[in-house]
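Here the chain labels run A, B and C in written order, and each chain numbers its own residues starting at 1.
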Amino acid sequence: MRAPVLQIDDLTIGFGSTAVVRGVSLDLHAGRVQGLAGESGSGKTVTAMSVLGLLPRTATVTGSIRLGDVDLLGLRRRSLSAVRGRRVAMVFQDPSASLHPQLTIGHQLTDHVRRHLKLDKAGARSRAVELLTRVRVPNPENALGRYPHQFSGGQRQRIAIAIALACDPEVLLADEPTTALDVTVQAGILHLLRDLAIERNLAVLLVTHDLGVMSAIADDVAVMRHGLIVESGTREQIFLEPTHEYTRALLAAMPDSAPAVRAAGADASAPDFPDEEGPS
Amino acid sequence: MIRRRRIPIPRAWLTPLAVIGVVIALAWVLIAVTAPLWIPYAPNAQVLPRLQPPGIDTLMGTDSVGRDVFSRLMTGASVTIPLALTLVAVSLTIGTTLGAVAGYFGGWVDEVLMRITDLVMAFPTVILAMVIAASLGPSLFNAVLAAIVVSWPAYARVSRSLVLSLRQQNYVIAGRLLGFSPVRSLLTDILPNIAGPVVVLATLDVGTAILLLSGLSFLGLGAQPPTAEWGSMISSAIQNFDAWWIGVFPGLAILTVVLAFNFIGDSLRDILDPVSGGAREAAAAIPVVPGQPTAREAVV
Amino acid sequence: MSALLTIDDLVVEYPGRVTVRAVDGIELSIMPGEVLALVGESGCGKSSTARAVVGMERPQSGSVRYRGDAVPPLGLRRRPHRFTAMQMVFQDPNSSLNPRKRVGAQINDGIAAATARGAAGSTPGEWIEAVGLDSSLLDRFPHQFSGGQRQRIAIARALAARPDLIVADEPISALDASSQAAVAGLMRRLCLDAGAGMLFISHDLSVVRVIADRTAVMYRGKIVESGRSETIWSDPIHPYTQALLSAIPHPDGRGILPAAPDLEAPAAWSTLMPEALDRS
């Protein structure tokens, strides 16, 4: 395999005296979807957010996140802005929160494009239409003049993806991109993400707790728990031959995981599983 | 079965301002209760030389009829503070109840109660209080009554809007499904859960209450001479402007009490929600996986 | 044996600038000792149905009968005792418990409802242990528990009232994926042990398949397919059911993308097929 596009090395993130990510190392390769699985509180979202410096100032972050030869953790605000949206883009769980409710989507798309790619008005507009067509938003010309609330949840997420891809980034971070969507709508978004990854040679980090989604589009999977990666490997390895107790227990809890895994996992005794915090 | 319950006081309660506030408030309460035991002169005794500036015999000077300002100030605490607290307690009770009933039952009950509330709130507070106090006849009791009339609507509005939002909570509906009557639902499910914001409002309102009562006394509508009340003391200072000590000390006293309760109220606002306080602590306790360092040990 | 719950031609509308018809004429019935799942995606009307069943919404037309009697709306009157045998479990565990009441006392409220009806008494300890929590926790307040634990307590409270009909509105959706199947299984077991019936509303078909005897699929306010769960799962005949089932991603490690419908709302999904109803 060629050199990784993004290398996360020994990433440790803490809030106050609590460490939420402990020594995480992960590589993203062009054209491949790297999955980061785990339950709530595992630290997977915090990991993704740290790549683009989206954590609160109170967070202490050590380790390195290298994009090519640049360490993103060492960048100052202005340099980070040049990376955000341009070389590394992100798609979030709630499309309503990532689209400005009072600006037309045409505005949101073209503004982004013009700022990073220095296109003129007409050029930006035609690029916007091109992007909307690619993400299969119906009537793209028309759509430019409409507002987010006039679209369905699935369409809004497609628009968010279009914005993310506007400047041809090398890396796409997707944090629970389909969790808020209905299952029939989710299917379409999953197809879109996988196709785009291949088409544009994107390195994709897919963060999700949904193992079904993970199994559908991830090439490699890392399982996180309490800030640590407990197991990682290819999709087949993780889903068909899991070695760590936690992974086995997770898969055993899913009614439609591979039958052999489910049977084997039924005996797996992770000491405090299901993972519920006790009363204080 | 005896249950031992230790309710730990979270660190958040001990902010510097909150501590100052509590200390000052407690000090004044202590003064109000014990003043008669240790004041140098009787508050109404006109035995000293008049209009003396603060000195060795009289810490805060004397007023225009020869009374010791210091003694009057300390005694005044036992007038002003209990009355202000009573005023707040009564307005809170009346206002919260009416607002909760309006919010919970809705319909015409809500309409009627809210229109009455709106009507009272439409008048400027102090002026309405003045009018009521004046028409009832100048006395401390009537001043308090007038103040209650103008103070309860704020509680009604707050309590109503809190109740409106709580009414839809799943646990309230669960109670109804278990056969709770609307009144029981209101008493056990709703009122305890609006207590927090209402108490904060009340604490911050103590300052306003003191100012209102003192203001009415200042205008001659509250405490009547010779009662030592801070507002009327300030009022008498107007005739003797050169004798600054007659008005300044009561003014400072009011200032400290109002500030104290404001600090307490601000602190209560931050901590009174059991959910946010406790949940933060619960979330910080990540269970231990055998053989691996706990989150706390892995200090960054 | 007569039905616990009978819904006839139920219509639920929400007023507004445009009147929304959330439930557009549905029929179903539940017998003692059976679990009926009502599934569908967002906006299909399943939650509105649940709310109408317990009396939280007033039907526009049609009827909801519990043991032959029309369910009274939750209004100013106290709920008649016999209707407290119908209990609800809500989606959001965080607002299902009174924050200022100890959990033991809340479970006790359930017990009191049962005894007021002349049913057998019990202790809170029995119920909290039945849902997998220790009885030493009865003294604690809800905020001292995790979301999953709060949901279990809410279930305990509902069951303590010895209901013969449980309406569960997305009871597992807010839980961690690894606990969902376990809690759903627990609900089924406790429900059947008590000889009760359950209306289980969910958008998650994989879990529902395991715990529901019968399933009804809703789309845009109507039931499009219904019958025995196994039949529906293995041989769906309505286009919407087929689309819904094939859109589910399975965590089996095979990297297969779920089928994505071409349009967000194809006309075929709205067709009515009488032969798809009451399948056995």
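Here is the rule we use: a residue touches a chain if its C-beta (ideal position, glycine included) is under 8 Å from a C-beta of that chain, and two chains touch if they have at least 3 such contacts.
Here the structure is a predicted model, which means the values were calculated and not measured.
A.B. asks: Would you identify the chain whose C-alpha centroid lies closest to the centroid of all protein C-alpha atoms displayed?
C.D. replies: Chain nearest the overall C-alpha centroid, as shown: C.
A.B. asks: Would you mind checking which chain's C-alpha centre is most distant from the centre of chain C?
C.D. replies: Farthest from chain C by mean C-alpha position: B.
A.B. asks: Based only on mean CA positions, could you tell me how far chain A sits from chain B in angstrom?
C.D. replies: 51
A.B. asks: Which whole number of Å gives the spacing of the CA centres of chain A and chain C?
C.D. replies: Computed value for the inter-centroid distance: 32 Å.
A.B. asks: Between chain B and chain C, tell me the centre distance in angstrom, where each centre is the average of that chain's C-alpha atoms.
C.D. replies: 47
A.B. asks: Please list all residues of chain A that touch 2 or more other chains.
C.D. replies: 277-280
A.B. asks: Of all residues in chain B, which are in touch with two or more distinct other chains?
C.D. replies: Answer for chain B, listing residues that touch two or more other chains: 278, 282.
A.B. asks: List, in ascending order, every residue of chain C touching at least 2 other chains.
C.D. replies: 144-146
A.B. asks: So in the complex, the part of chain C that touches chain A is made up of which residues?
C.D. replies: The touching residues are 41-42, 137, 140, 144-146, 148-149, 176-182, 203, 205-207, 209-210, 243-244, 247-261, 264.
A.B. asks: List the residues on chain A that touch chain C in their complex, please.
C.D. replies: Touch residues, chain A against chain C: 39-40, 152-155, 182-188, 190-191, 194, 209-219, 235-236, 238-240, 249-251, 253-258, 273-280.
A.B. asks: In the complex, go through chain B and note every residue touching chain C.
C.D. replies: Touch list, chain B to chain C: 3, 5, 105, 169-171, 173-182, 188-189, 192-193, 195, 274-275, 277-279, 282.
A.B. asks: Touching residues of chain C toward chain B in the complex: what are they?
C.D. replies: Residue positions touching the partner: 54, 56, 74, 76, 78-79, 81, 84, 86-88, 90, 92, 95-101, 106, 109-110, 112-113, 116, 139, 141, 143-146, 154, 157-158, 161.
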